[in-house]
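Read from first to last, the chains carry the letters A, B, C and D; within each, the first residue is number 1.
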């Protein structure tokens, strides 16, 4: 125990031209369909999700299938490209079940196909069939665990398909729920008999939460207990890793908007952005954003390449980026002064998203505990 | 376990007129005999202590006997007054064995007299005799435990009067060493046979450290094992509590000097103290200093009144004031720019004293652990 | 000159009031009016205006006697702006007629007051305000927009500052008015906040007519008059005493004790650090209080608001995180107009969001840090270019 | 024009050099001179001045060949100021005669260079410097005081900026010189630091004569010339690559692993936070490096120095505290003049004290934050009053 493991290979931390093209397409779509006033109004409505936006993103751009190999009906891209989509979703806090369905549920199912190499069922079982539907954007699925669950903390909450799971993100719009139980993983239809999805009041209005109650429900078995645990863990690891890119997007918007506002806002016959104390705070935030980008890219690249460094890369990215997004959103509110406290200004949506994201898939503290183990820095 | 204990009485957090008079006397003495150039030169000399300064402080002003009742030869004052002396010693980082001899060793001995109520030996035993000498300033004593020992962490390091104790503050100038052993507490003369005091190279040049090695040394027994442990704990609690006042003094000097310097130093045709980022940092430091004063006064008052709240008041004061002194000294160096990095400027003496003080009598972390216990906020 | 009033005398008068108007059988408003007329409303106010020209410290004796007799009070939280801001300003700058007309219904609570100072374009730089008041015969005609006005929908009167001369530098062209909130030109709209609530309002003023007799202080000296108002606001923020775990640290400490399953070492370390800081802030406030009592007011008050804003934000942020799955939930987003606001009320999510305002409302933390740096530490002001320029020529 | 040089060509030339001057049997200086004359010192420099007018990226191929052959290098750490600051400035602004005279002995290491820029009164505001250079026939006579000069006692030459016209605004009255450190008017005194060491010097200049032929660039354009020097300093700070746990986090992580008895939950939480930040800083530096290689240099470089200064200070501060009793000790206070400085060298106390300089030397963190805010984020500059004032009329 004298030296840490070095990363096995140098990660690619840049964006490729293809990734930049994808970003442009997603950004144009979101500018068109998810500008701030639209998101604010939608947030409180009964249906925060814009079905047209989802179809354009998932099917039109093909973002839903980025993680899925072509032979399974997907785009055959990787976590690097999905991370770019999430940066853009973070920049707009647009409500869309991308992280939950196209990343976490998808990655969980991938672990059960031949690609994942866990079950011999391979590419033709029910997991593969559902995967193809998710990849096409025609259906969505969410993993039925509380949103706060860290990758290492997913004990199956239910003994069988019976009982309640609280705080599932995007459950209200999912067609299918992937339910881990002590007996294994099941796919349960959201509208099947014995299935009740009860909306909760979320802190983050742009990502609804719901409780799932199963009583005498039936489901399609996807995996036994061991394969289920491994697949869930892999799904949550991908979720945590790519959440860092969403957090980067949040932080980027908050910084850019704060810079823009403080350049334009005049007090004392000067732009408030010319006051040195504010400048230093925004410069420090910039440094955090730049650092968050490196951490998030590293996690995405490690997941994309299947690097053995991925668990540490994800833990580092989450331990770091959670705080950056919250800090950026808090500074955004503060440096906007009173207007940043109002419902009509979008800053609050970013604050709520950033705060909720800092709990999602494990707090920074939980990820630091993972770092302690992975980097061989044990607790007392 | 639903509500915390409220403090038993409202503490007096102000300074009395007598305390202000004492401060003036000490400040005048230190201005005369312990200005910065004197301290810098003395720090590296073989004898950092100024014997004349000590006599004037301990005997002339009578500061050495503040904690000791008049019937035992002292001034019959309290920890409140001793705290004022320590504020002033902190402001000048003057080398003087006040905290170690006049507070910690003195309080340890007080616990063994009738006043302390521990041993029936009362006011006429060897502890009382030594106490009278310490109170008069004619001799000095130090408690032979490592300087980093927190109040709750004093296990007797030695089985008997044999072996080595590392890192004892001010041991090099002490006439007597109070040595806790598994058999009890002993007073050992510094120049007695079998006693070797070996100077170490300290981070804080203004408070020398030494190792004590005993081999076949004889000592005067002062207390048995139980009374010794209680007395040592009380001595260290007083030391930790009043160290907060020294830390307050350090922080005050650092802030005042930084404000003075940045008002005078011009760059870019302006006083650098007019730049807003610097102003905000100094204002925040001021708030910390103001808060440290309240915490330090609270600890001194709780010790002075023998309040049952004293252990919590001390733990809170140390947990808070350690960081304030270090922060103030670090900002002092930084906001002085290059000149603050030089040996000829006194800032480095304060940085080293503050950093060493943050370890002395337990780090802030150790004191937070004590808060966890005392405020009923248990660890996981 | 009245004979010197001491504690015994105010107690005697209080008992006299209670005997003449037994609380058990006297209507609430009648009792309050009688109390006002007996000079026992605020004893340091002048005789005839609810006081006895007595030292402020004697009020405690009155309040204790009345509380012991179960007498009704004037619900000071509901009429805080009237009591804390309007009244001292009317007392300091009002004409005799204005004092007689306004102070009694203000104190009794028959007339609620609000404050029309801040504007969308004039927050930290309040003196840059753009609401215009133009003289028209015996009236002033006021047009503009104010914001962050609490109680505007309940208020009968407002204290208002408006620009009466745009050709003068910004501090010198302002006058101070009493605005009738029932004027048809006053339009109050709730301003919804990030908590979902609408605690404050926007107030649109269109051709509002204010008689010149409702001006407080000379024309063009409104900024100076407003300083009296704002100084009283600061004092009321800094002066209150709190018990250990009395503030935002209370709920999270209780959660910690009651919910062992939530604990981690990371949250434990943060909780302990914040608990210590909250305890030290409590002691700092207590020391300030002792200084005030001893007649040695210190500058610490400027710092207390800074300290509590930061602590409230950090503690509630920790609380949301500590709660994990529950921290992801929120009580209720329905827009309501709360009568009173309790920063530590409702759930952790509310506390987290509401506390963001603590470093903005009543002077941003950035402005307070400037004030500490310049007025307490004596650091030099930044070069300014807005003091000698006509208001109309300022950039905005 | 030379024919295009590619990687194969530089490899060929390197092998030719090695064949003609086998390192095993050639004296170190002779080999370095031969390498310079072969254009393999810095291939992007002009032919005849140690280079081949080739792309900078080809240097790697040369260095790899030479390292494989165990050839001596020019000990770049010892002559860093010459290589990193003096050479690019001479190349950019020197006359042909100056380039021929100075670059070869500089690169070979026969002549060490130092930098005479900072002054006691001109730190962050370097352009306010007060050292005067007065024309006297063919010479300039220089008087003043410089500070923070490393290698001054070992240096043969210095790059120097001095004021040649105090009646112009500060940026416009400066000229740039090459100063002979053996001039009898040059007095070098060690400047002891808080670590006990004297890594830097004060340099007192009294009637130092510099021939006009040792001026770099036109009279009065010294500030512009100095920008070339300083830009090269910044680049050299930001560009280096480090392995995981390669910096200040390394020693404390090793201590943590090897000394379980020191561990507490409080220090554990802080260590983990700093370990994550150090790892992220490493990745940020790596990303910057990849951008440079891809020809898309980002502004992240300005941030790396900020990040490492803060991290070095926090990590070493934790390390001292973690060590407890041992943290109270220090290795050695004896004043020495170290040849080379290793921030992570010596003991924890040294690391703690030395790292305090990381946020001051080479541009304070305060100035770097201004630069990021204005040049990267495009935030407006503060109002300034020092740009159009004659230097002699500035406050100081």
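One rule holds for everything that comes next: a residue touches a chain if its C-beta (ideal position, glycine included) is under 8 Å from a C-beta of that chain, and two chains touch if they have at least 3 such contacts.
From a predicted model like this one, the values you see are computed outputs, not experimental measurements.
**Q** Could you tell me the least number of steps, going only between chains that touch, from chain C to chain D?
**A** Step count on the best path from chain C to chain D: 1.
**Q** Which chain has its C-alpha centroid at the greatest distance from the C-alpha centroid of chain D?
**A** Measuring from the centre of chain D, the most distant chain centre belongs to C.
**Q** State, to the nearest whole Å, the distance from the C-alpha centre of chain A to the C-alpha centre of chain C.
**A** Roughly 43 Å separates the two chain centres.
**Q** Which chain A residues reach two or more other chains?
**A** 270, 275-280, 368-369, 379
**Q** Going by the touch rule set out above, which residues of chain D reach two or more other chains?
**A** Each of 264-266, 268-269, 366, 369, 382-383, 385 in chain D touches at least two other chains.
**Q** Using the contact definition from the top, classify how the chains connect: line, ring, star, complete or other.
**A** It is complete, because no pair of chains fails to touch.
**Q** Please give the residue numbers of chain A that touch chain C in the complex, ascending.
**A** That would be residues 44, 146-148, 166-167, 200-205, 209, 266-270, 272, 275, 277-278, 326, 330, 333-334, 337-344, 347-348, 351-352, 355-356, 358-360, 363-366, 368-369, 379 of chain A.
**Q** In their shared complex, at which residues does chain C touch chain D?
**A** Residue positions touching the partner: 265-266, 268-269, 382-383, 385.
**Q** Along chain A, where are the residues that touch chain D in the complex?
**A** 1-7, 10-14, 255, 259, 262-263, 270-271, 273-276, 278-280, 282-284, 286-287, 290-295, 297-298, 316, 319-320, 368-369, 371-372, 375-380
**Q** Along chain A, where are the residues that touch chain B in the complex?
**A** Per the stated touch rule, the residues are 275-280.
**Q** Note which residues of chain D are touching chain B in the complex, please.
**A** Residues 118, 120, 122-125, 128, 147-148, 191-194, 196, 264-267, 313, 317, 320-321, 324-325, 327-333, 349, 352-353, 356-357, 359-361, 364-366, 369, 384-386, 389, 394-396.
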